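I'd like to ask some things about the structure below.
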Amino acid sequence: MKITQKVKKILANYESDNPGTKRNLASILMHGRLGGTGRMVILPVDQGWEHGPARSFAPNPEAYDPHYHYQIAVDAGLNAYAAPLGQLEAGADTFAGAIPTILKVNSSNSWATTKDQAITGSVGDALRLGCAAIGFTIYPCSDQAFDLIEEIREMSEEAKAYGIATVIWSYPRGGDLSKDGETAMDVCAYAAHMAAQLGAHIIKVKPPTAHLEQPEAKKVYEKEKIDISTLAKRVEHVMQSSFNGRRLVVFSGGAAKGLDAVFDEIRELRDGGANGSIIGRNTFQRPREDALKMLDTIIKIYQGKA
Amino acid sequence: MKITQKVKKILANYESDNPGTKRNLASILMHGRLGGTGRMVILPVDQGWEHGPARSFAPNPEAYDPHYHYQIAVDAGLNAYAAPLGQLEAGADTFAGAIPTILKVNSSNSWATTKDQAITGSVGDALRLGCAAIGFTIYPCSDQAFDLIEEIREMSEEAKAYGIATVIWSYPRGGDLSKDGETAMDVCAYAAHMAAQLGAHIIKVKPPTAHLEQPEAKKVYEKEKIDISTLAKRVEHVMQSSFNGRRLVVFSGGAAKGLDAVFDEIRELRDGGANGSIIGRNTFQRPREDALKMLDTIIKIYQGKA
Amino acid sequence: MKITQKVKKILANYESDNPGTKRNLASILMHGRLGGTGRMVILPVDQGWEHGPARSFAPNPEAYDPHYHYQIAVDAGLNAYAAPLGQLEAGADTFAGAIPTILKVNSSNSWATTKDQAITGSVGDALRLGCAAIGFTIYPCSDQAFDLIEEIREMSEEAKAYGIATVIWSYPRGGDLSKDGETAMDVCAYAAHMAAQLGAHIIKVKPPTAHLEQPEAKKVYEKEKIDISTLAKRVEHVMQSSFNGRRLVVFSGGAAKGLDAVFDEIRELRDGGANGSIIGRNTFQRPREDALKMLDTIIKIYQGKA
Amino acid sequence: MKITQKVKKILANYESDNPGTKRNLASILMHGRLGGTGRMVILPVDQGWEHGPARSFAPNPEAYDPHYHYQIAVDAGLNAYAAPLGQLEAGADTFAGAIPTILKVNSSNSWATTKDQAITGSVGDALRLGCAAIGFTIYPCSDQAFDLIEEIREMSEEAKAYGIATVIWSYPRGGDLSKDGETAMDVCAYAAHMAAQLGAHIIKVKPPTAHLEQPEAKKVYEKEKIDISTLAKRVEHVMQSSFNGRRLVVFSGGAAKGLDAVFDEIRELRDGGANGSIIGRNTFQRPREDALKMLDTIIKIYQGKA
Amino acid sequence: MKITQKVKKILANYESDNPGTKRNLASILMHGRLGGTGRMVILPVDQGWEHGPARSFAPNPEAYDPHYHYQIAVDAGLNAYAAPLGQLEAGADTFAGAIPTILKVNSSNSWATTKDQAITGSVGDALRLGCAAIGFTIYPCSDQAFDLIEEIREMSEEAKAYGIATVIWSYPRGGDLSKDGETAMDVCAYAAHMAAQLGAHIIKVKPPTAHLEQPEAKKVYEKEKIDISTLAKRVEHVMQSSFNGRRLVVFSGGAAKGLDAVFDEIRELRDGGANGSIIGRNTFQRPREDALKMLDTIIKIYQGKA
């Protein structure tokens, strides 16, 4: 496989990584219809763990089958498929080599009473399942934030030694944070920065709103006249906060909405310089044909064709 | 031993497992009178730990002897025998090779004040005792759920490396869960799904009732018109929630009842596609001859002959 | 040394143990005047740790010297001597090979405010001191019970790998247990059963009273008409609860009383099938000649000569 | 590189260190415009972690780029550059060998509700990134002080074995300490002493005020007439408290103030015998040319030329 | 070096120790002016950690320098010098071989709010610094007592494997203990006994008063008529409580007092059979010449010449 100049430039930003980790990052960046463009669409399916099987899969019962998700990620030409341990194990052989996979190594569930996640996978699991990366959720702001930070730090050091990339889901919640604060501009940029400081190769955050949560940060945004008037501008600021664009950042979908709104949002992500999208429920909770059509449009948006 | 097509198909679902683990799974699936059918009856005897010796064995004092349980499991032609450390140690040599064993590696007792279990066995113990699998109880919903999840995750990774299978007893309790919620349809399906996500090879849950516990789940069950009107239908939904039938699920007995009710229940389990039953107290708390007769009928039900 | 048939039969009950552990068990069972009979008298001296030196040794000041206890255990023809780390270290060379020793690996003290014990020795210590076994106290019922259980489980697994036997002192206390409950029939049988399930080779409990503590257990004892009318019958029930006599059980002395009462109690222990007695304060708090005379009578009782 | 007599004398104070650690200390002491003088100016950039990216970098947006800080540290002729994991990783290759780096291995953030820091880097990370030292913050006085002390003790032992130097940021806060107490003379001297006792090679504290916090210490300062009337005298006392000048001590900037006040303060640090300054925000929050000019003056002050 | 008969006899009490540990014990017992007598004077300097530098060293500013303490211990002909990590590191090379050193491996400070100590050194540190022993403080009675006990147990096992001796500072405090109880006769004897049980080679306690703290102990002291009327008698009882004199016990200074009172106290320690004294503040808080004179007198007292 001939690595494109675009991807080579991205890989060059990962100055401290060994060739093994770069190869795995490259495998994601070069895979699928967006392969080589520096843009990515990733399918994550951890809602079974997080909300239970019926709430996740009953709207489209084919999705109870772990193979379904592997297959749609392959057929849609996505860059990677992310899921927890059991779900990856159940198709690891059938789809070996068919698409890069990301093992989600921590998980919560709908009964949890703290803003925390349990460790549910390991770097050793990622290696034996042939994964390109591990995925880990941190909850900046929560009372458990330090524990989560220390867990991924340790796992990420191990992963890097074995050539496995690290994806951090950085979702502020808990502590003194208001509900609006979870997607506030300042909070989201800080969350992305924390993931970068932790050594993440790929950072996942939510699209930020124009709300500013922390008073001391608000003062700076206003004094320095940081432009956060449009989503594209806000995404730009997130990229800047992620080592001035030296780290890959992908965005999850915002609040549920119609398809047109989804596409409009993704156009703004693209225009703001986002490296792509991570799209779970919107994919597997609609019929396969509809999902493929939606993903096709999203990919075209990132290709600048829609 | 010639593995049947049925069992070969089941083993093929365990895509990430090494031949050692598959061999041990096969040893359980091919053993006893149901060997090769994909159905199982397993004898579990951990009530001594959980409720004390007199409450467990006084009704049938022969059962104080650890050999008694090995022997009845062998004589009844069951698939496997599950017990805690000391109980297996006490017959490990006499019955070596006579029946596959499952080492229960955590246990609670009637004085415990939290919904937790203590680690009481290890993968190393399972190996030296010649066990085919480890068994572990998680209490989804409880305040200790994350700890339990992390414990079995780590033990299961170790077990898989050594070719030992993992059986997870997934018993929701504690936290905000109501008493009815412990066997609610949504809760039970979620519990089975969590065990599957944790990488269990065999999942043990209780037969679910038609009660729906979590409001957000209830809405989905009603909106999507999931049929939970009969036990068979509910079992079908549990199998679906266990990676669409890609994982083996066995059911413990429900509330105490007459033998006819037990048999009726098992017919529904069978019709719903359950992989079998785990039957403890109902076995060892009645005289040996009665127990053998009961197990004979249960096996015949799973064979479709009763 | 020619192992007696009696001891061979006992060793055969330890089906999972390696020859190293069996040799160490045999060394205890074959040592002293009761050697070969399947009965044992063991001298434990951990009262210095537990109650302080003056309360323990001032009544018989020779007992401040660690050699004193080794010597009396040897001279009385006992089976083994049990003590904490420092106390064994202080005579380990002088008495090397003179009598089997048991390293007490956890200890409490009279200032402790929880029903817990600190780890004060290790399997490595037992090995370098030439001990035949480790000894560990669990407090079933206490809030720390799970921690204690997990500690001995881990140490016992290590000990078994190195051929060291495990003795568990199972003393229910703490939690919701009443003072009477600490020696209740049901509680004591349960405590012995827990030690057996944990893989103990030798179990130490207190002589049970006829009190029944747990309501649900009480119902069973009454319904099943378990005979607990005499101490001998109660001891029989403890032996039954210890894997139907497949595990060695020794009893500590009951409440302080005159020598005749002590001897009467031991006759009942013997008649109930107990494997022996563990006698600390009653030994070292009286003058050496009196202690030797007392131990002589106790041994004769177990020999059926008194 | 020919080590100066001045630096040789300093290195000789590190009597227990292996040649690897001495080489790394020497690399810092011999680097840049102050190389060989025993004085240092170090650039630390961990404000992104601590206060978020906008509050840290918006005043001078070039500073969002991790390369910016490496470059200014090189161009200004500083002795070393200190930063957290991700920030060093992002330039580790481009600037390999260009300037000694210090990996900050723990970090807090503006959401933390305890006076604690999370571990965010390791000795292994420092080795693979080619760092000369690890940096660690302790908060003497805080409820987490013992944990922080134990963490750096363990990491520092590992670092010393691998030839990596240890820098301790000793910032008293939390517990019963008053706000004024955080920079009190007695507290600051004690904080420096604690870092020295922990085995730090380089100690970082804040410039102390003349306030005395602890009543029992105050009595001694007054009785022994310790001169703390000027900052230079107070710095002298800090150096004395750091093993009588046998350990390198650098000072962070005090409260925000004009450049002249900064320079005056540094003259007092110099005159008190400080080994140098650590200057973060004052550097990267002003335009590059201004920053270079400021650093030039500071270096000249330490050279005795300003 | 020819080991004296007196020291040979002492070493013979350490029956379980390897030749490496005996050699290190011998190095302390044979060193200095009391070398070979079985008596010791040890200089401990951990007050910088415990109370801060000014409170410790301002009365005699030369003492800020770590070399000062090594030198005075050498010049006074003491048996050993004990200090925390950083303080030993700062002179480890200059004084290598000049005097046996004891690495204090845990420490507290004047801000601590619990009766606990942080681990601040390791057996590995002791080895690389050429120490003869590690020193560790336990606080019997405190809520952290079990943690402290488990820490030294583990470190001491490691130390013994490497031939490093163990010194335990056993200072009862915290929990329900009264202030008077900290030096009560019963408490002090118990504290010494606990250190002995933990496997300490040298035990350090405070000189006991005639106060009796624990009611149940008090009854025994009175009933058994234990003579505690003079300090010499009380020391005798402490020695008896330390395995009947089989363990070395040294005493710290009591409450601050004039030199004559210090000497009188030491005469009583000597007459009670104490193995020596540990004298910190009294040494380094007076001018060097005064300190040398004081130590000379103390040594003469132990030699029976004063």
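Read from first to last, the chains carry the letters A, B, C, D and E; within each, the first residue is number 1.
The rule we apply is simple: a contact is a pair of C-beta atoms (placed from the backbone, for glycine too) under 8 Å apart; a residue touches a chain by one contact, two chains touch by 3 or more.
Because the structure is predicted, anything quoted here is derived from the model rather than measured.
Peer 1: Provide the labels of all chains in contact with subunit C and in contact with subunit D.
Peer 2: Where subunit C and subunit D share a partner, that partner set is E.
Peer 1: For the sequence-identical pair subunit D and subunit E, determine the rotation angle of the Cα superposition and round it to the nearest 5 degrees.
Peer 2: Rounded to the nearest 5 degrees, it is 70.
Peer 1: Need the CA-centroid distance for the pair subunit A / subunit C, whole Å please.
Peer 2: About 59 Å, centre to centre.
Peer 1: Rounded to a whole Å, what is the gap between the Cα centroids of subunit B and subunit C?
Peer 2: Here subunit B and subunit C have centroids separated by 36 Å.
Peer 1: Give me the residue numbers in subunit A that touch at least two other chains, ranges are fine.
Peer 2: There are none in subunit A.
Peer 1: Under that contact definition the chains make a ring. Starting at subunit A and heading to subunit B next, list them in order.
Peer 2: If we begin at subunit A and move toward subunit B, the chains come in the order A, B, C, E, D.
Peer 1: Applying the document's contact rule, which stretches of subunit B touch subunit A when the two form their complex?
Peer 2: 13-17, 140-141, 143, 145-146, 149-150, 153-154, 157, 161, 172, 175-177, 186, 189-190, 193-194, 196-200, 214, 216-217, 220-221, 224, 226, 237, 240-241, 243-244, 246-247
Peer 1: Under the touch definition given earlier, write down the residues of subunit D that touch subunit A in their complex.
Peer 2: For this pair, the touching residues of subunit D are 48-49, 51-55, 58-59, 61, 64-66, 84-94, 107, 109-113, 116-122, 124-125, 128-129.
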